[in-house]
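First chain A sits with chain B, and in the next complex the same chain sits with chain C.
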Partner chain A sequence: MNAMPPPQPVLEVERLSTVFDLRAGTVQSVNDVSFSLKRGEILGIVGESGSGKSVTGLSVLGLIEPPGRIAAGSIRLEGRELTTLGDAEKRKLRGNAISMIFQDPMTTLNPVLSIGRQFFEVINAHRKVSYAAALDEAEAALVQVGIPAARERLSSYPHELSGGMRQRVCIAMSLINKPAVVIADEPTTALDVTIQAQILNMMQNLVRDSDVSLIWVTHDLSVVAGLCDRVAVMYAGRIVETGPVEEVLGNPRHPYTRGLLDSIPGDAEPGRRLQQVPGTQPSPLDLPQGCSFRPRCSQARDECKNELTSDQVGPDYFVRCLFKLGGD
Partner chain B sequence: MIAFIIQRVFQGAAVVLAMSLIVFVGVYAIGDPVEILINPDADQQTREAVRQSLGLDKPLWMQYLYFVKSALHGDLGTSFVFNIPAIQLILQRLPATLELALTATVLAILLGIPLGLVSGLNDKRWYSRMIMAGSILGFSLPTFWVGLILILVFGVWLGWLPVYGRGDTVRFLGVEWSIFTLDGLRHIILPAFNLALFKIALFIRLTRAGVMEVVNQDYIRFANAMGIRKARLLWRHILKNIMIPIVTVIGIEFGSVVAFAVVTESIFNWPGMGKLIIESINHLDRPVIVAYLMVIVVMFVIINLLVDLLYAGLDPRVRLGSSNR
Partner chain C sequence: MLAEIDSLPDESAVESASPHVVIRNASRNFVQKMSPVEALLARAGMNYSDRVVQAVSDVSLEIPRGTALGLVGESGCGKSTLGRMAAGLLSATHGEVLVDGERMDAGHAGMATRDMLRVQMVFQNPMASLNPRQKVVDIVTEAAVYHGLIRRRERLEFAAELLREVGLPPDVLNRLPHQFSGGQRQRIGIARALSVSPEFLICDEPVAALDVLIQAQIINLLLELKERRKLTLLFISHDLGVVRHICDEVVVMYLGRIVEQASTADLFARPAHPYTQALFREIPRIRSGRRAYEPISGEIPSPMSPPTGCHFHPRCPCVMERCSREAPPEAEFEKGRVARCWLPLSI
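Now for the complex of A and B:
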């Protein structure tokens, strides 16, 4: 009966709230968000624009700048609390222990610095290396992400590479200092579908080989289905449903997740009207009382105006809804 | 690259030729130098003799062709007033103006760009507002007035700095320089600052605008997310991206300081080209005016060529070539 102790999570986010103090009022971009990430795990964070998924990623990286601030909660990386660190310590972690991949590879690389120089900058920010040694390391990293003629590419400038190439370069750069956690903010949204499939495939291999943990922020459920181990669905700053990918996408318990899944045109009969979630996200300045999804929800009742809790419905599976569709 | 330079040299030659025509006709139009050069009591015969000796009796087009012919042989004419070659007169005065312009430009770069960076990075802070307010003053205060105030404050009231002439000079590469002597440096501070003030304001605004645009770019956010140090981010990642407009303006401004330092040179009695050109205009000393403007045109052509070459060094996306000019 000696069960293996569950492995210590790499990243634990607990009751995180990130707010923006605007003139019009305080915006709760991330509201009471908790999740954890095991080594080598891929977590998908899904939601509409403005649901707080990107801000969650930036909060973990310590990149929230005024007027934004982390109002409450804790972020622990390998047991170390990040929210109380000073700017200098946060900088040492960024690109080193936690790193990030951005959405648009066309604008993510500095246009006036060569690829090799940018690698050197990223390495040199965290380790003392010679330029030549940095280039060797960069070359190996480029080979790993499948860039042909890697050595020559190092003297290229970003405008000489295609979008897919640039995203590979960005991925190689974000992994060069062997981070424990990588946050990818819709990194394939700006790419062609074929390139997107290549990149996803490559990311899966990289995660398996290097044991890095990945947070994949996206609005594309099909990407989540193919790539992630677990998924967290965000709505209006809150995680409304989180659990293993097969369960959440196969049998969603929250009406919003169900709505998202129904909105994918793939399953629709040709010629029929496409499904959609009626209405729009509430203004972050004026969130409805209780469940924020209530005004758009077909199941909504008066009880939904009461404060909600996130209830466990299975191992690693939480839903923030009174009704919990499907299942039992 | 070579093709580019050759092409630009030909373009430059065309500009110089066009300018020479405009200048020549323009100078011809502003008056008859003979009236100023000789004693008003002289009789008609003397006037004719002078006119003939200066070549002013010929029709304009012949004068111009004669000028072009001599210019191609390196002779830009002889000063009516001093009776020495105009180009020699100008080259004598050039070092004084050059060192003044250089000092002013360096001063403007060293003050303007860092202040612009600071105010662009923290644009809401009180000191950024102060810098911006100061730059408005730099733009709007007239140079001559600032020059007079500088003389009054630092020369007359405080007595810290000399306000007249170049001070001690030292011979270097065959010409006299004052920036290489201590006394000369003391003399150059006030006029150089006077000239630099407008440029400081200009560089502050230009740098600030560039920084504020670049700071929000994805590649700066990415560099930040990769943990690049602040100072490094600023000097290597941001500054290099905003240098193109700044280099352009530095080039133009340096040229215009050399060409039009007239006011400052007059106020501080700096014996440079500006003073020479004012005197030449007063005396309608046509060859000097024409030669001076030719020198300035050539200088601008060269500066523009250098700026274009610098572009290619600064931004890998710039291709120097003939393709679509």
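Now for the complex of A and C:
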């Protein structure tokens, strides 16, 4: 896969497989997933519900609990293998070298502690600081994410803030210990568009100023188009296409990515039927043999029943399909 | 079986007649009563009173027969409240809702049940709007049987026909809602709405909870049904792309008021109100590629205490002194285009 390893990747995920052992059978949520992340880079992971995009993020953070487990593959953060770490070592890492922003800030924040107190906990878990020093640091972090009257906000409780403000607090918290990698799981999905635009704008500036690397997990291709450097498109647990955003969204090579783009109204002529992909995602307990997208694909042929490899079609650009649409 | 459809008036004859749906100066307040302690304090002369939220304020619009009107805005703008008023689920505090010239708003005396069947609604979350213990066949035939549109012994045939129309196989009649995927559930919700042959369908964010491939399937279905059944649609959505695709006319709401109304083509070509312009600029688009966002600042104010004058003035990039004093009227600034702004098309 890594024929041309990029210069010093911060995070390298190689052939990762995460499975869930259920009574009904073993579910391959993440299947042979590989990607790497350079310093200061924003990678978008896109897919529909059940595609494995969130589980990929949780696997990197070491947050997979039984019945789930990482069945194979490696995750290296700044050269250090994460899959073999014990619980205590993972704890030291999370919120420190690697952190997460979740979709719903109301369930992420503790409703009975003030914002300042929660910042103190996050900082104190990794560094010995006084409460006063932690508050100073927290205030600076809140200013950075554009929260007005930051000092007063430290004594507020989560329910006193709007949804957009809560998500800003979560973002400030995820960055407070200067992590190398931040994983954001649909952080703007619950927000209104004007607030979403504010947060996306802020994230771009933060990444530019702080050199943090960001993984943005989302179902929304248009957010990826505006925010990310590279994108990985997931379907049924696999990355089917990954490459630079302009190329993947401008000239998709995988029929699934093509289908996703064609399904979005906006560029289509109003009132006309949208291009639609028939059927639904396969059950994770009963994946089709070979290419999982085969039953819904207009290009499918008999060869698609064979195991597919992810082929390189350009620098940093891989496609898992025999046909590779729109080739040169 | 679906005799109502045949009895629809000839389309060309109606074109010139009055619009199918008229909402006239409709407002809706929600009142939060004082607590007993506050009521006592108020009686003692202290400054307490019931809290009133004006969710929809003085909204007027018309929908010609067989067309689709999109209702757009962010959370708290009153679009769902207006939808529920149009569906007759909420009464209007002031104003009225007329369908075919007859009052339809809930609580209005003398409203015939038969008339109400002409208006139906499709909800956002089909799992919450379908009874989890009812089989599909019952869900889609209950209303038609109750209102005597079909006989009980016809219901299997009737249900199979409806399911076929919304793209579900007939062998699912005896299944329960949880046995379906999100997109299929939404199809069931649509079939239920169609079961009483409505002429006016209100869709409240019908595709917001669906994955994009499934969303495209449902949008296509709605377009087909609108065409085949000559439906009048009120389509509520926060997604401008979806609205652009389905609707003929668009109304943009902000904090309970209409800020702009225009044909879809005009609105997307030249948005006039600064809020509409901001919405359009900030919707991320695939084709525009990576770019610097220039978001408008601030958040939507609390509807409990909306700003004075123009509700949008604290966030508006081209605010004038007058805007905070005086709310602009809904004015037609050029033919067929209405905006509530002192300076339409100013950016």
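Simple rule for what comes next: the second predicted complex is superposed on the first by the 322 of 328 C-alpha atoms of A that agree within 3 Å, B and C clash if a C-alpha of one lies under 4 Å from a C-alpha of the other, contacts with A are read in each partner's own complex, and residues count from 1 in each chain.
Here is the rule we go by: contacts are C-beta pairs under 8 Å (C-beta built on N, C-alpha and C of every residue); 3 or more make two chains touch, one makes a residue touch a chain.
Worth saying up front: this structure is predicted, and the values here are computed from it rather than measured.
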- [ ] May I ask you to decide whether A:S263 touches chain B, chain C, both, or neither, giving the answer as first, second, both or neither?
- [x] second
Task: chain B versus chain C as contact partner of A:C170, first or second or both or neither - done: first
Open item on the list: Looking at A:D316, would you say it contacts chain B, chain C, both, or neither? Reply first, second, both or neither.
Closed with: neither
TODO: Determine, under the contact definition given at the top, whether A:R91 touches first (chain B), second (chain C), both, or neither.
DONE: first
TODO: Tell me which partner A:D32 touches in the superposition: chain B (first), chain C (second), both or neither.
DONE: neither
Open item on the list: Looking at A:E12 after the superposition, I want to know if it touches chain B, chain C, both of them or none. Which is it: first, second, both, neither?
Closed with: neither
Task: Which partner, chain B or chain C, touches more chain A residues - done: C
- [ ] Would you please give the residues of chain A that touch chain B in one complex and also touch chain C in the other complex?
- [x] none
Open item on the list: With touch defined as at the start, can you tell me which chain A residues reach chain C in the complex?
Closed with: 48-49, 162, 164-165, 192-198, 200-201, 204, 219-223, 225-229, 245-246, 249, 259-268, 270-271, 273-277, 280
Task: List of chain B residues in touch with chain A within their complex - done: 217-230, 232, 236-237, 240-241, 314-317
- [ ] Can you check the complex and tell me which residues of chain C touch chain A?
- [x] 74-75, 181, 183, 211-217, 219-220, 223-224, 238, 240-242, 244-246, 264-265, 278-279, 281-297, 299-300
Task: List of chain A residues in touch with chain B within their complex - done: 61, 63, 91-96, 99-100, 102, 104, 107-114, 121-122, 125-126, 157, 159, 170, 173-174
